[in-house]
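The structure follows.
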Amino acid sequence: MTITARPADRLLDAVRGGAQIYDLGRLLTIGMPQSPNHPPFWLSMPRRHGDGVRADGGSAANDLLVMGTHVGTHVDALAHVSHEGRLYGGADAADAQVGGRFADLGVHTVAPMLRRGVLLDVPAVLGEDCPPGYEITPADLDAAVRRQGTPVGPGDVALVRSGWGRLFDHEDRTRYVGFESGVPGVSTAGAQWLAAREVHAAGADTIAFERLRPGEGHASLPAHRVLIVEHGVYLVEAMALDELARDEVYEFTFIMAPLPIFGATGSPVRPLAVVARG
Amino acid sequence: MTITARPADRLLDAVRGGAQIYDLGRLLTIGMPQSPNHPPFWLSMPRRHGDGVRADGGSAANDLLVMGTHVGTHVDALAHVSHEGRLYGGADAADAQVGGRFADLGVHTVAPMLRRGVLLDVPAVLGEDCPPGYEITPADLDAAVRRQGTPVGPGDVALVRSGWGRLFDHEDRTRYVGFESGVPGVSTAGAQWLAAREVHAAGADTIAFERLRPGEGHASLPAHRVLIVEHGVYLVEAMALDELARDEVYEFTFIMAPLPIFGATGSPVRPLAVVARG
Amino acid sequence: MTITARPADRLLDAVRGGAQIYDLGRLLTIGMPQSPNHPPFWLSMPRRHGDGVRADGGSAANDLLVMGTHVGTHVDALAHVSHEGRLYGGADAADAQVGGRFADLGVHTVAPMLRRGVLLDVPAVLGEDCPPGYEITPADLDAAVRRQGTPVGPGDVALVRSGWGRLFDHEDRTRYVGFESGVPGVSTAGAQWLAAREVHAAGADTIAFERLRPGEGHASLPAHRVLIVEHGVYLVEAMALDELARDEVYEFTFIMAPLPIFGATGSPVRPLAVVARG
Amino acid sequence: MTITARPADRLLDAVRGGAQIYDLGRLLTIGMPQSPNHPPFWLSMPRRHGDGVRADGGSAANDLLVMGTHVGTHVDALAHVSHEGRLYGGADAADAQVGGRFADLGVHTVAPMLRRGVLLDVPAVLGEDCPPGYEITPADLDAAVRRQGTPVGPGDVALVRSGWGRLFDHEDRTRYVGFESGVPGVSTAGAQWLAAREVHAAGADTIAFERLRPGEGHASLPAHRVLIVEHGVYLVEAMALDELARDEVYEFTFIMAPLPIFGATGSPVRPLAVVARG
């Protein structure tokens, strides 16, 4: 009845050999910058220690969490965006959402990711952080690949760094949102560059992944259309990418497990980049 | 300026060689079984496709999420439980919670986990699923280790399977909660067994990790005291462990990244068990 | 510049002469009985006294409130119910709800009520509380009017008491909801009786105003159709009517001011019945 | 068995004779101005018409409501504010809040109000709306009483109009909050003036009832201390008072029924001012 021969596990061996984990998720705090389109993050403790102490001296504190699914570092499910009434794959958006949840393209259908990840460090190419409203072009992406020696291929997760993430903790919470200033990122051409490489997911250090023009907010989101609706590429937003850039970690194992919220359009996530060199 | 020599990454090589991912998180759905001590999971779409179509034909749907942090598959932060007014490490619980968040032991302090995991399949030892209210003993845990050939050691994540998880999707949502029937799990002695092996975290396929006596609910939670308060071991509850048991996967890479909710006592999670053999 | 001649105010004179207020609203508490169709009531204090004390010694505590709008004592706006895709007045329900709020028939359009109210005390006619699932008939309503000497007329608010309200505080929270047992109330004929009298609103001491058949829950709600969709009569549910019956107060000034939640389908309320005799 | 002699009801007679209702509550809308200290108002429809149509053709839409209890027009319960650890009446604030609700001074203990109300129209005295940060003095209040001919007395509800309410619907939502500019209102002396007249409650057309100095926000709230902690006077904030002033309605029946949220520190309300002259 005893099981004896345990096969070697290459992954576990690698982990045991020592792996460095980069945390790409932002702290979730009340008042953090987020789009006014989404319900704000809020947290409260219904029960604190001492509210109800059990006979054995034990006490438990707990929380009530309220938030949109597109606040903090989060992933967009394919159900999040439609174009002319159609979702990725051609489904009718109005039909798909009957009942108030997306059974087919909701975030619960996003498989956990354990994939090759590539950071595309655009500021390292430009020699400075991307200016507000700057459109990251295919030429910029090509230059980043060349500089880093890390081509992007099918199934990869590509993280486009603009440098805008430095504003996430700015005391003026509107700075990161960037409605007035605009926000840097890829637009149609950059999205097509990513789609052509058949990435599985793409991420950025900004609130909406793509370039926002000054004063226009989310009035037009062509990269969402190209990547989500046309190519079924998941988008990850509000990522913390500065440590990867600082350490010049351009290729890594990308790990992300969205919460399986049945039928939802997105999920908060805490993505990881892991390296195990030695 | 070009970076050329990319060092080999053992982890990434293992991932590319093919890895099987077991999803240990439960679907988050309205009406799923949960403890009445915690705010119920609820989800709603403020915006559906068609509510506001942009000039370019695009439309976005989003969500409002309300939930306790101890519902669905979730991790308990060390701040969750106190004993006689003290948290793990001896901090005064009343002082630690001033401001409504735990700056020191909140769930944002739980580092992402990429560790050896071990499933302890108790039903395989007993020859049947653990009965309601059954206390899993050190002898049961020893027997599982012997049967599987997988000792538990320092830094590991130990997942104790009782078989109770089969009730998670039962149409009577009170069955899984098990107030009347009791729920199987370790109690003081089993918790000490785990603590003695210096596990980093422990999980179970039940709602409160530990054994609940029939009709008593959460009136006494000694395993929480031993593991969380006395030894600083994180607990993961309401896990889906049946697929691991079915496939006789007893050792694996355990991956879990709790949401970094600043100051909270817990977080919903989607833990993974990964194997890369062959 | 001084204004001198203040006209007499009959209402204020009546109030000053002494008025007795009956509180027809239920306490809102965590765990109170409510329909599983609606988001549960939950409350938590983000800030308690002592969390942040100002330099002057002051401190403020506050709350986070989460709830459906059809929990506790509440009013149904006309937007709440549709029949074959049409709302009261014939508007297309699908069109009316675009944007996620009902600009036209939302609860913000319910004017505050200061009207004649009539209690129809059916148990006083039957000689006992209405049995579970009992249909209150036009004959019952006629008998109540005769017994009390209080005809119901245009613009009145009619409150139909079944006696079921005694279960609101029952320790088994499912009793009041009454899915298995059924719940007493008017059905189609009783609703037509009310509509024929051109009442402005109607209320009851039950969770869904109308009779629910045993084991059927909300599978069919003909009185909602008749009153809300066909006649534009507001419904008030889960009222506390026992004190009025005890004191044999059958006619009164009914006062209710729903929260003006823009576009919502209902609102929690605290209705009052006031008498000023003497 | 028939009841015949119905006594005359002076209140009901007054209502039937024709009463004019002034609605003093603000519309509750997503994005309305509110203090960042409190959880934002948010609303979403979990179920829309068509999501689930019953066999008989009926369909119901509903809502999920999330909000602080001090947003929109709202009343402060006595539990809301403490001074040096004491609540009104001397109770220890820390003790009173154990369990996360105030059993004694929570908003459920605020009796419905049906009382004489007086508007104190300060802009009519000043000849202009109160400037930002203006302190309304006892002399201003005396002048308003003289001008209007409406003394304030024991048990009354006094509503202090500053004119600031005109900013509630300003497209810049920060204007009404007034952190930078300051907000007009009474301060210590004005609060003492009200307390000396033994008012039951006091209200204003501003977000915090009392004067806020420019750039200081809620750093010091002496009028809250005087009225709530020292004298047990309820405060009503963010009221709509302009229509009363426009119509020169200075004395009226004030009606307000806070939601009986067990243990909460406040409640959204829709207060009414009613006149029945003629």
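Lettered A, B, C and D in written order, each chain numbered from 1.
Everything that follows uses one rule, which is that a residue touches a chain if its C-beta (ideal position, glycine included) is under 8 Å from a C-beta of that chain, and two chains touch if they have at least 3 such contacts.
The shown structure was predicted, so the numbers you read here are calculated from the model rather than taken from an experiment.
Rotation angle relating chain C to chain D: 180°, from a CA superposition, given to the nearest 5. Interface comparison, A-C versus A-D: the higher number of contacting C-beta pairs is recorded for A-D. Chain A and chain B touch with mostly matching residues; of the residue numbers seen at this interface, over half occur in both copies.
Remark: chain A and chain B have CA centroids separated by 23 Å (rounded to whole angstrom). Distance from the chain A centre to the chain D centre is 43 Å, each centre being the mean of its Cα atoms.
Across the assembly, chain D contributes 39, 42-48, 50, 64, 66, 100 as residues in contact with two or more other chains. Those residues of chain B lying in contact with chain A across their complex are 1-4, 6-17, 19, 21, 23, 25-29, 37-39, 43-50, 54-70, 72, 79-85, 87, 93-94, 96-97, 100-102, 108, 111-112, 114-116, 146-150, 218-222, 224-225, 248, 250-253, 255-266, 268-272, 274-278.
Against chain A, in their complex, chain C makes its touches with residues 30, 42-46, 48, 64, 66. Of all residues in chain A, those touching chain D in their complex are 31, 36, 39-40, 42, 44-48, 50-52, 66, 98-100.
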